[in-house]
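One chain, subunit A, links the two complexes that follow: it is found with subunit B in the first and with subunit C in the second.
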Partner chain A sequence: MTPEVVGFWVLAITLVGSALGVVLTKNLFHSVLWLALGLISTAGVFLLLDAEFLAAVQVLLYAGGVITVVVFAIVVTEKLVGEKISHTSKRLAGGTIVAAGIFGMIASLIQRAGLDQARPEMVGDATAAMGMSLLTKFVLPFELLGVLLLAGLIAASYFARPEE
Partner chain B sequence: MPLSAYLTLSAILFSIGLFGVITRRNTVGILLGVELMLNAVNINLVAFSRFHGTEVGMVFSLFAICITVAEVAIGLSLVILLFRMRRTAIADQIDWLKG
Partner chain C sequence: MSGYIPVLIFLALVLAFAIGGLVAAWAIRPSRGYASKAENYECGAQPIGEAWVQFPVGFYLVALLFLVFDTLAVFLFPWALTIRALGVPGLVAMLGFIAVLGLGWLYAYREGLLEWK
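Our next item is the complex of A and B:
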């Protein structure tokens, strides 16, 4: 058992467990906390795959940003109604069938594709390579992303403006 | 671990997220399911990129993470707006077209 195998199994079990917590728990707030755990273990998977920069971005943006925003939204909406918002599920059987079907399809495709080779040795620094291609090959999408974030910021603050 | 292990993990996460999107009744719960699915896709992109030996997949997943953050911000502000107008966040009760 190499450290990579041990790390993979620990992270995989944590990830699947927290994902089940997100979709199955009755309390909306607990769902969000399970999601935070899942997102942080995803950062661990990124570390296993030698993507340190992405792991940092994942923790900062997802676990830091998204979770905070969702918690704020829950607190604000519960305050607006003055009661706990319900967080139930329905159509459990249908959901199980569809999800299991999709998973079966993807798993059989992975089996058939025969992707069992070991990973190649890491050449160079992934973060440096990402930075180079972000500002050369992908500079236009990078700038567009900035425009998208600005538009999202304006739209979010417009939608959630105080009532006149 | 081989590439197929990472892909299978990501497929499991994607299916669980899809299950959440189908079964949850609260719009915030549906958004959380979408988050799980996007997260699974990011694992796929990074794993393929690492096993292929290029950084393009990692750049793609960086874009995907940023777009997800914008999506969550707008989605939640819409949920707050809906709450003000309708006092509900259950997706089944949000069934009118007029604003």
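Our next item is the complex of A and C:
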């Protein structure tokens, strides 16, 4: 087995295990920690696919940002404080059917997708190429993204603001 | 891909150090517990109430601001790699992006969201 294959299986097992940890742990806070592990393993999968920028974004934004926000959302939520923070799994039968259906759909798509060809080698620095097209060809969507983020920031801080 | 071999070795050493330390301590230490061993010592103050207290919502606002500027930081990397090739137009485009998000910071500052009440 090549190192890539070993790495993939290690990451795949970690990813599936942490995903199961997220849904099966009773303690909500432990679920968040499992989610952090799952997001970091996803970054590892991106690294295996030579997508360094995506891996860095995954760690910075998801493992760093989103997990921080979720943790703070838990510790500032009044309803959860004082009570035992836990969650349970309900409607397991229906959920199993839906999950099996989605799994079947994805599996059949992968089966049909002709994965016998090897992935083409990555040429050049993808991150630099991204910066090149982001600030020349796609500069208007990029600036609009700034406006979108601004709107999100203002709206979120307006709703999260404590009442005067 | 082989550039990540040092990272893997480092990761393995980190895990071995953490797990090895815990396992060695568990294997070597004598287990004779008594009440005062479980108490705080040195600078530790006696805790009042439970650990699950509600934090001020200010933490959440700071986290939201952090998330937006985290996103800003992500876009600095592709720009930094092409800063020479793109020159002044790239700089202007990036400054525009930073300025738009700077408005968000200004809003948060003017609304007093960053003040610790």
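The working rule: the second predicted complex is superposed on the first by the 156 of 164 C-alpha atoms of A that agree within 3 Å, B and C clash if a C-alpha of one lies under 4 Å from a C-alpha of the other, contacts with A are read in each partner's own complex, and residues count from 1 in each chain.
Assume a contact is a pair of C-beta atoms (placed from the backbone, for glycine too) under 8 Å apart; a residue touches a chain by one contact, two chains touch by 3 or more.
The shown structure was predicted, so the numbers you read here are calculated from the model rather than taken from an experiment.
Peer 1: Since both structures carry subunit A, what do subunit B and subunit C do when superposed there: clash or fit?
Peer 2: fit
Peer 1: Using the superposition on chain A described above, determine whether A:F46 touches subunit B (first), subunit C (second), both, or neither.
Peer 2: The answer is first: A:F46 touches subunit B but not subunit C.
Peer 1: Looking at the overlay, what does A:P3 touch: subunit B (first), subunit C (second), both, or neither?
Peer 2: It touches subunit C, and subunit B stays clear.
Peer 1: Report for A:V123: first if it touches subunit B alone, second if subunit C alone, otherwise both or neither.
Peer 2: Touch partner of A:V123: subunit B, not subunit C.
Peer 1: Specify the partner with more touching residues on subunit A, choosing between subunit B and subunit C.
Peer 2: B
Peer 1: Output check: A:I13 vs subunit B and subunit C. Expected answer is one of first, second, both, neither. What do you get?
Peer 2: A:I13: touches no partner chain.
Peer 1: For A:I154, select first, second, both or neither according to whether it touches subunit B, subunit C, the two together, or no partner.
Peer 2: Second partner only.
Peer 1: Does subunit B (first) or subunit C (second) touch A:T68, or do both, or does neither?
Peer 2: In the superposition, A:T68 contacts subunit C only.
Peer 1: State whether A:V139 touches subunit B only (first), subunit C only (second), both chains, or neither.
Peer 2: In the superposed model, A:V139 contacts subunit C only, not subunit B.
Peer 1: With both complexes placed on chain A, how many Å separate the closest C-alpha atoms of subunit B and subunit C?
Peer 2: In the combined three-chain model, subunit B comes within 5 Å of subunit C at the C-alpha level.
Peer 1: Could you tell me which stretches of subunit A are touched by subunit B in one complex and by subunit C in the other?
Peer 2: 4, 50, 53, 57, 61, 65-66, 69, 72-73, 76-77, 80-81, 85, 130, 134, 145, 149, 152-153, 156-157, 160
Peer 1: Along subunit A, where are the residues that touch subunit B in the complex?
Peer 2: Against subunit B, subunit A makes touches at 4-5, 8, 12, 15-16, 19-20, 22-23, 28, 31-32, 35, 38-39, 42, 45-46, 49-51, 53-54, 57-58, 61-62, 65-66, 69-70, 72-74, 76-77, 80-81, 85-92, 94-96, 98-100, 102-103, 106-107, 110-111, 113, 115-120, 123, 126, 129-130, 133-134, 138, 141, 145, 148-149, 151-153, 155-157, 159-160, 163.
Peer 1: Using the touch definition from the top, list the residues of subunit A that touch subunit C in their complex.
Peer 2: Checking each residue of subunit A against subunit C gives 3-4, 47-48, 50, 53, 56-57, 60-61, 64-66, 68-69, 72-73, 75-78, 80-82, 85, 125, 127-128, 130-132, 134-136, 139, 142-143, 145-147, 149-150, 152-154, 156-157, 160-162.
Peer 1: Give every residue of subunit C touching subunit A within the complex, in rising order.
Peer 2: 1, 4, 50, 52-68, 70-75, 77-82, 85-86, 89-90, 93-94, 96-97, 100-101, 103-104, 107-108, 111, 113
Peer 1: Going by the contact rule set out above, which residues of subunit B touch subunit A in the complex?
Peer 2: Contacts found on subunit B: 1-9, 11-20, 22-26, 28-29, 31-33, 35-36, 39, 42-43, 46-47, 49-51, 53-56, 58-59, 61-63, 65-74, 76-81, 83-84, 87, 89-90.
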